[in-house]
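Next up: some structures, all given as structure tokens.
There are two complexes below, and they share chain A, which is joined by chain B in the first and by chain C in the second.
For the complex of A and B:
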């Protein structure tokens, strides 16, 4: 479904990822893990069009999307929830959700993903009239994911969804990710909390200093002795 | 999206309809021509402020140069009527279209500016245009244009004997400006504008074309303000650059919205209903010796509102929201 080949992205000459290739098949949850500064976020941004890769190609369902503007990539069916979430803080929860849905023309099309959203995060439905900035960190993350779902994506990309969130809500969010996949979407997720992420993922990549160090099924990576030592602290 | 929201919108519409009916009946009880005059002005500023609020309140592009569009509306109507005999009704439409086009032409360079720089640009452009009109012989230069008085008629939209036709037109204009805002609030454009105001970068990533959204808001806003200007030209039947394009109009469009609640549906109306009668009354009662007392009133109100209720008065009327159980 998504195929990233030899992508290199640099910030002002500073290479963040170089020659990274990953594949994501339909219906998978793929986890990209690695230490700080390994290039995980850069990889997602390069796919989403928030950064322009310097080399390599990104193909989504057979169409090349590297170099397209960000909103056109969203229109192709890739939704991206960046680390800083990019919500509209002074707008209500309802308005934030609505703004995700305006990619689609018909009202019915726009409302359709709401059922899934409220099923996943019932607490959002109680807070529709509240301003986004008044939500807790976890609720804001839920809203950011929900807004991404309102664009009716085929591929959902999450950058560090657990960051700055209390542990109970982290579990809730990971559970939601699984259910999003069960609802027919594909998920590419970047996480520092590798243990939890590997629990729900099918496959995983480990990045180190801008390159793919290792790739395997999540189950195999979880029991790999080097990984356990270096990343899981076991 | 949810029932509470749909219900609130229906309630807003019903309240507005109720207010229009009450306002329409007011002249039955108010026979005093001076008070009727204040009512006409209040309704006109309600409409103007409501239109200003679309660009500056919802889309967040604060303009202090909307007197430009007001003046363009007035001049287009007056020039078309005196030079070509075109009826004011077509003049209104023409003025609106001219203003909307000019708003977009000016928006093209200006919407690249953000914050204070944009505000300053709007003031400078309006003041420059004022100077141009003061020196434009064809448009009467500083002397302005006398609109020739004909028989009272809806055709030429002139009424020397009664204020009531003007009153009902101003009421209709205020109602239309309110309804347009109400309708846009829950439309694609309304959401885009609020997104542009709140976080333009996030808006862009969701596929909102920020620049085009601002252009749309500017066009709608300028169109409606110009119709107000056309109306004003007919109402006073004499215009000169200072009396339709002066900076005070830009202020008088912004202040009601700021007072009532900027970027809200009811704010401009609430602000205008308080502010306009207050200024008119202080002007005539303190008048003569105290030209400028009305300005002191504005100043005091603005200081008070920014100290006590920077979000505007409109929230005072909102029903207390129930706190959701944890």
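For the complex of A and C:
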């Protein structure tokens, strides 16, 4: 479904990822792990169009999308939840969700994904009139994922969804990711919390200093002795 | 000074104030949307007044009928100014604020120069119109019709704007872009389209004001300057970036101006506005309704 080939992206002349290739098949949960600064976020931004790759190609469902404007990539069916969530802070939860379905504003069933959203995160339905900025960190993450779901993506990309969230909610969010896949979507997730991420993922890539260090099924990576020592602290 | 004179002049001040609000609305809208002060705002007003004049002179179209046409043309002008000038100015890597100021300031000078060249510096006026020179008496207070209709148009325009911003998807997109222009692509919105729409809308609002103003004000290439100054005060008073603050700011400016004219010689009639403005800036720098 998603094929990233040999992508190199640089910020102000500094290469953040170099020659990275990953594949994501339909219906998979793929985890990209690695230390801080390994280039995980840059990889997602390069796919989402938030950063323009300097070289390589990104193909989504047979269409080359690298170089497209970011809003067009969203329209192609890739929803991106960035690290800092980027909600519209002074707009209500309802307006944030409604903006999520902006692309489907003409459709009679534009609100259809709301059923899944409220099933995943019932607490959001109690907060509809609140401004997004008044939500807790975990709730904001839930809203960011929900807003992304409202765009009806085929591929959902999450950048560090567990960051700055209390542990109880982290489990809730990882559980939601599994349910989202079960609802027919594909998920590409970037995480520092590798153990939890590997628990829900089918396959995983490990990035190190801008390159793919290792790729395998999540189960195989979890038991790899080097990974256990270097990343899982076991 | 009798009570009647006071009521009379405050009533005209209120009407003029509503028109000031309409003139300032576009300035506030654009600033709120993208933190760019449009220094060519007065020139948008000037173009709108000339457009109204020429529609009257060549097609005998009454300014009231011309108003929607003028607003539509100004919409196109505003969107073009964004797409052809401001969009590029915003890409500046260094000193972005200065680049934006000088680009719209330069645009203002170009527009004024072109107006002087093509329209000549002569004073023009719409010599007769449905509204021009007429007054109505409301409970003994005489109200000039152009200002009265202008005030009603202003109220209607603000009501429509309120509906547009709070009840439509484009309005919500506008609010979202104003919150975080870098994030709207996440929901598939093209921020450049929203910015162009914002400039178009802002220019259309001042276009509407210009069509009304043309019925009771001389039209010349520099006409925008004095009104633009009032518009900046109105926007700053109401709270920078708050469209509905501009509405309230306009009313305050109109009333203060009328009150000053009552108390001081006519040549000093603008002093009151700027005194109030200074006071607000000292006490509440973000303006009366500003949120930041």
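Annotations
FYI, the second predicted complex is superposed on the first by the 231 of 234 C-alpha atoms of A that agree within 3 Å, B and C clash if a C-alpha of one lies under 4 Å from a C-alpha of the other, contacts with A are read in each partner's own complex, and residues count from 1 in each chain.
The definition used in the following text is that a residue touches a chain if its C-beta (ideal position, glycine included) is under 8 Å from a C-beta of that chain, and two chains touch if they have at least 3 such contacts.
On a predicted model such as this, the values are computed, not experimentally measured, just so you know.
Taken together in the superposed arrangement on chain A, chain B and chain C clash. In the superposition on chain A, A:115 makes contact with neither chain B nor chain C. By the touch criterion stated above, A:179 is placed in contact with neither chain B nor chain C.
Using the contact criterion defined above for the overlaid structures, shared-chain residue A:127 touches chain B, although it does not reach chain C. Once the two complexes are laid over each other on the shared chain, residue contacts for A:99 go to chain B and to chain C alike.
Within the superposed three-chain model, A:52 lies out of touch with both chain B and chain C [touch as defined at top].
Using the contact criterion defined above for the overlaid structures, shared-chain residue A:71 touches chain B and also reaches chain C. Using the contact criterion defined above for the overlaid structures, shared-chain residue A:26 touches neither chain B nor chain C, since it reaches no partner.
Residues common to the contacts of chain A with chain B and with chain C across the two structures: 50, 70-71, 74-75, 80, 86-91, 95, 98-100, 102-103, 147, 151.
Only residues 50, 70-72, 74-75, 80, 86-91, 94-95, 97-100, 102-103, 111, 114, 125-129, 147, 151 of chain A touch chain B when the two sit together in their complex.
By the touch rule above, chain C contacts chain A in their complex via residues 169, 172-173, 175-176, 179-180, 182-191.
On chain B, the positions that touch chain A within their shared complex are 1-2, 4-5, 188, 191-192, 194-195, 198-199, 201-208, 321, 324. On the side of chain A, the complex with chain C involves touching residues 49-50, 69-71, 74-75, 79-82, 86-91, 95, 98-100, 102-103, 105, 147-148, 150-151.
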